[in-house]
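There are two complexes below, and they share chain A, which is joined by chain B in the first and by chain C in the second.
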Partner chain A sequence: MSHQLGRVVSEILHRYFGELVQQVGNDLFIYGSKPISMIVKTTGLPRKQVIESLRTLLKFDLASFEPSVHEVVADYKLLPDNVLLLIRYPRYLLQIKSKYGTEAELLVEELLQQATSTATGLLVTVATKNKDDKEKNITILKLRDTFVSLATAGYIQQAPVADTKEGSSDVPSLVPVATIVPDLDTRQLLHAMTTGSLADIKDNIYWKVNYDRFHQDFRDDIMVKAMTRRIDDNAGELMRLLLQQMYLSSAAWAAESNPTPALDIREAVRRAADKSLLSQHVDHYLKVLEENGAGFVRRVGDAGGGQLVVCGRRAAGRLLEAVLDHVVTERLGSNAARIFRLIRAKKYIEEDDIQKHAMLPNKECKELTYKLLEEHFISVQPMRKAASAGGMAKAIYLYHIKTHDVAHTAQELCYRALHNCLRRAAHERNKHARLRDKQRRVRTIVHGMRMRGEPQQNIDDVEETLTPPELALLKDVEKRLKQLSAAELELDRNLFILNWYFMYSK
Partner chain B sequence: MAGRGRGRGGGLSFTQEQLQALGIARGENTATTLAPPPLFPKLEAKPLPLSCDAATDYMLIVKDQFIEYLHETPAYVKPNMRTDGIERYSDKYKQLALDAKQGKVLDCVWVNMPAELRPQASKLRMTSRKRKLDDATVINKKLQTLENKETLDENAEVEAESKDEDTVKKENDDDEEIEDEEEQEYEIDEGTDYANNYFDNGEDYDEEDDNLDDGPVY
Partner chain C sequence: MSSNKNDDPISDKILNIAKKNPKGISDKDIIAAVPDLSSAELVAAINKLLQQGVFDLFNQGGSLIYRLKAQTSKQAVKGADNEEKVVYNLIEEAGNKGIWIRDIRVRSNLANTQLTKVLKSLESKKVIKAVKCVNASKKKVYMLYNLEPDRSISGGAWYQDQDFESEFVDILNRQCLRFLQQRADKIKNNPKGPILGRTQSFATAVEVQKYITDLGISNVKLEVEDVVTILNTLVYDGKAESNVYPDGSKVYRAIESLIPPPGLVQVPCGVCPLVFKCCSTGLVTPQDCKYMDEWLEN
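Our next item is the complex of A and B:
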């Protein structure tokens, strides 16, 4: 809960939900949890708008509530981590599209927009929206099958429901429920499609997107990609199979999975079959993975042809190191990165030794070391000799890296950069709001004219209302906004790795 | 506060020898800068270009769509219109567009929300109170009390100068009885003051004078 996090969260809320939600969110971030009347007091907003903002926050699961001491009113609390996830939405969609196809993408997109929805409601809305789209050829039956497979795979889950025991209390308490894959009646769905109303169907089970399942996918992708890059495609494939085996026997985010017998892996490889090279050399690849796979996989025993575990914690640690190396390289240059790596390799090292091993000129080496120290990438531990008199050589200064602290530093940097991106983009958008508005209006007019089939000359006339300099400026602005937006996505990738690391160190 | 002896450096500052060991020669650290660091420091290295492939393009488009969708829904809370007092031709259309959005309430699962956030909360109370009036006996009773009050009012007007304490008390009692009724009237038409009872029995007449003793009220 740092200052930088607060700034990012506030900026994101502004981008997605507007100024008022930002104010309410910011207020909640600063004060922890508080009831409505207190929010009204500190923000100075009308009560009605505070209520509307809170509804938005609660709907998208960006805030939580619990009964306060008075029981009838609730205390609200912002969930900053969930606010940060808003930036990751496009990535979820890309993931689901590449894995399950267009139907799944449409379903998840609609569900993300609605935050929570009933299965029938979701299916009927998506089907109605895409009814006229011949190209995609979406039918409600296909959608239903996709929905069931998504629920089975755990990408969507049932939303928590209000506890029924207390009856109709003023502040319900939400209890998570186990997801049961629904059995949807085809005839009812078709009927609802034709009549266009959902009134006939009694469906009060609400669904939402399960972010954690997506994060597991991201994690797997990162690990497989790392192995592919480090060794080759076959090793990546083997890593994927190992992860699949891991899911069968242990918790998804376990620091170390339960041991898997190598025999099972061999069996799985044979079943996958299309990689002939891999199935011929499974044992060799396993050996290479163990010895040269950055510690992602570890052999724990020899029983049953070898027992293997997947070390999530080690993997996160190694990836974090890579991230930090890059951060240092990009900020302070490759020489500083060399010192950084040296200190990490030696664990604790004296300043003279840094100079000796880094093989850099004396002065430059010192300068870079102090710069690293100043930016909190390395730490120094003074060791004093107790019984010596005189000023000289009393203390030894040992440089070392506190990984956890440095990870926090990197996280702060990410937050700050993210905030800057959002802020800058908002500024660009404000500055050129009038022009962008004009462009949009011209586009809609032209589109309307095309639909009506008006002569090309009239269309050209309308289009020419945007002068060439304006067009050039617009193009420039668009490019900059796109760049900033892409930067947000990249920063989010980094944050994902950092969060993965923090998951184990809690 | 007091300067420490040479022997107790305490790690706060370095001795000359230590400074030399750190590579700082005499006179090298004199240039202390008092100005704050620049707000936008110059980049030492140009940042890496961002990857720009089909996947990124797709994500950017999806993201913009999502944000646009949110801005259209009631989830995007807009502040009340602030006018600068100048009437414009476009005001009418803006108002129309705003009204179209204003009516919509965010679509939530209300059971999972605290009662104070549910939109029905205020409406429910209103209707339950109204239901009292549907009962014929209650209406009759109300009418009767009103009639009583009317006669009392007339009495009071006649006896206003003589300040009949009893009447006033009685009237207060009656007031309480019909309080429900009156409350509702307030809610329905707050615009005019005609429904308000402006009867003044003159009791407060003297109080103004007392205040003056304390000094004028600004």
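Our next item is the complex of A and C:
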């Protein structure tokens, strides 16, 4: 909960929900949890607008509430981690599209936009929206099947419901419910499609996107890619199979999975038999993965042909180290990165020894070490001999790395960078708002004219209201915004690894 | 041995005992060895030997100890005066680690000016030499002329006149990496299985040393341990990993980072020197950032 996080969250809220929500969000971020009347007082907004903003925040699960000490009013609290997820939406869509196809993408997109929705409501909306799109050929039956498979795979889940138990206070509390894969009546759906009204269907189960399931996918992807880079494609494939086996027996984010017998892995490899090289050398690959795979996999026993464990905690640690290495390399140069790694490898090391091992000129080495210290990548521990008299006793300075602290440094940097990207994008949008508005209007008009079948001459006339310099400028702005949003996604990926590391250190 | 020149049987005997006891002998030892000796004869013999410079005289716990001088020192300081002898002995004791001038002064009890004179005269005779220490550039140490300075003093192959040759190290570092990278791909989809592939992608320090020697980029002869130091810098660069073979020899393999450059270093803020001064308002803001402008231009 740092100042930088507050700035990022504020920018994100501004982009997605506008100024009012941003103000309320800021207020909540600064003060922690507080009731509505207090928010009204500090923000100076009308009560109605505050309530409206809070409703938005609660709907998208960006804030939570709980009964205050008086038990009659609720205290509201912002959930900054969930706000950060807003910029991850494009990645969710890409992931689901590559796994389940276009229908799934449409469903998830709609669900993300609505935050929560009933199954039938969602299906009918998506089907109606894409009714005219001949290319995609979306039918409600296909959508229903996709919905069921998404629910089965856990990408969507039932939204928590209000606790209606006796004796609870005036403020309801939300309790999560186990997801039951729905059985949707085809005939009812088709009927609703034709009539266009949902009034006949009694469906009061609400659904929402299960972010955690997506995050598991992202995590797996990172691990598999890392192994592919370190060893080869087959090792990556093997890592994927190992992770699949892990899901069968352990919690998804376990620091260390329950042991999986190598026999099961061999069986799984045989079933996925398109990799002939992998199935030929499963045992060898397991051994190499274990010995050269950066400690992602560990052998715990020899029973049943070997027992393997996937070490999520260590993997996160290693990936964090890789991130930090990159950051140090880019910020202070490759020689600084060498010193950084050297200190990490030796745990505690004296300045003289750094020079000896890093093979750098004395002066440069000292300079880089102090720079690293200045930017909080390394720490120093002075060791003074207590009993010695006078100033003659030389203190020993031991350099070391506090991984957790450095990870926080990196996180702060990420927040700063993300804030700057968001801010810059907002600035670019504001600066060229008039032009972008004009372009949008021209497009709508042209679209309308095309629909009405007006002559090409007239359409051209309208299009020419945008002059060539304007068009060039628009293209330039478009490119900048694209680059900025790509950067935001990359930063989000970076933050994902950092958060994964922090998950275990709590 | 010079004792052969002594026709005197008493001196011979004393020398023999002294040779057997390199730590030195006392009066009692001599009397025990040569019992039929009057004290006057003994004193005369010892004085003679001391004059010849065969013995060093020490005072240990109140009794006098005679210790045989090493032969070389006796020859080397021929024609030198007493101060030079003392200083020479101190320098000789220090071996190839050398001795600092202040330590000589303290231990020899000579005045500063006198000591400098002595050292100069020894140096001009090419008996000793001054060597600059790599760790502390102003510190000079003295050692015998014919000795090769220790690695801790000269810094080994990486130093030329106590200047660290970082370019040389860089070149070697790059060549080693290239050698390892030539092999690294063998682990990828090796038809003979990954273990064999891994073995092929490993290189021992000896192999690397041979490669470097064959390249002929170094006019200094590089030992295996020098190459190991270079290979270790590659490990610290994150470009290689090391492993140990069953026979205990260290092997190296080129690797890639686990992840491609993360988002933080792809944006200008990740490498920006002003990032900690960047605020929403003020002189440094993301809106008017020059670095961002440049980044967005291309």
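As a convention for this text, the second predicted complex is superposed on the first by the 498 of 506 C-alpha atoms of A that agree within 3 Å, B and C clash if a C-alpha of one lies under 4 Å from a C-alpha of the other, contacts with A are read in each partner's own complex, and residues count from 1 in each chain.
Here, a contact is a pair of C-beta atoms (placed from the backbone, for glycine too) under 8 Å apart; a residue touches a chain by one contact, two chains touch by 3 or more.
Model, not experiment: these values are computed from the prediction.
**Q** First (chain B), second (chain C), both or neither: which does A:A487 touch?
**A** So A:A487 meets both chain B and chain C here.
**Q** According to the stated criteria, A:V83 is in contact with first (chain B), second (chain C), both, or neither; which is it?
**A** A:V83 sits against neither chain B nor chain C.
**Q** With the two complexes superposed on chain A, say which partner A:E330 touches: chain B (first), chain C (second), both, or neither.
**A** both
**Q** Touching A:A74 in the superposition: chain B (first), chain C (second), both, neither?
**A** In the superposition, A:A74 contacts chain B only.
**Q** Applying the touch criterion given at the start, work out whether A:N362 contacts chain B, chain C, both or neither, answering first, second, both or neither.
**A** It touches chain B and chain C both.
**Q** What is the contact status of A:L413 with respect to chain B (first) and chain C (second): first, second, both, or neither?
**A** second
**Q** Would you mind listing the overlap between the chain B footprint and the chain C footprint on chain A?
**A** Correct list for chain A: 330-331, 362, 483, 487, 489-490.
**Q** Which of the residues in chain A end up touching chain C in this complex?
**A** Residue positions touching the partner: 7, 222, 225-226, 229-235, 277, 280-281, 284-285, 287-288, 291-292, 294, 318-319, 322-323, 325-327, 329-331, 334, 337-339, 341-342, 345, 352, 357-362, 364, 410, 413-414, 416-417, 419-421, 423-424, 427, 479-480, 483-484, 487, 489-495, 497.
**Q** Help me check something: in the complex, which residues belonging to chain C touch chain A?
**A** 135, 158, 164, 166, 169, 173, 187-189, 191, 193-195, 198, 229-230, 232-233, 235-238, 241, 243, 253, 255-259, 261-267, 269-271, 275, 278, 280, 285-287, 289, 292, 295-296
**Q** Under the touch definition given earlier, write down the residues of chain A that touch chain B in their complex.
**A** Checking each residue of chain A against chain B gives 15-21, 36, 46, 49, 51-56, 58-60, 65, 72-74, 89-91, 93-94, 97, 109, 112-114, 116, 159-162, 170-172, 174, 206, 330-331, 333, 351, 362-363, 366, 382, 391-392, 395, 482-483, 485-487, 489-490.
**Q** What part of chain B is in contact with chain A in the complex they form?
**A** Counting only chain B, the residues touching chain A are 11, 15-18, 21-23, 44-45, 47-48, 50-52, 55-56, 58-60, 62-64, 66-67, 69-71, 74-80, 106-109, 111-117.
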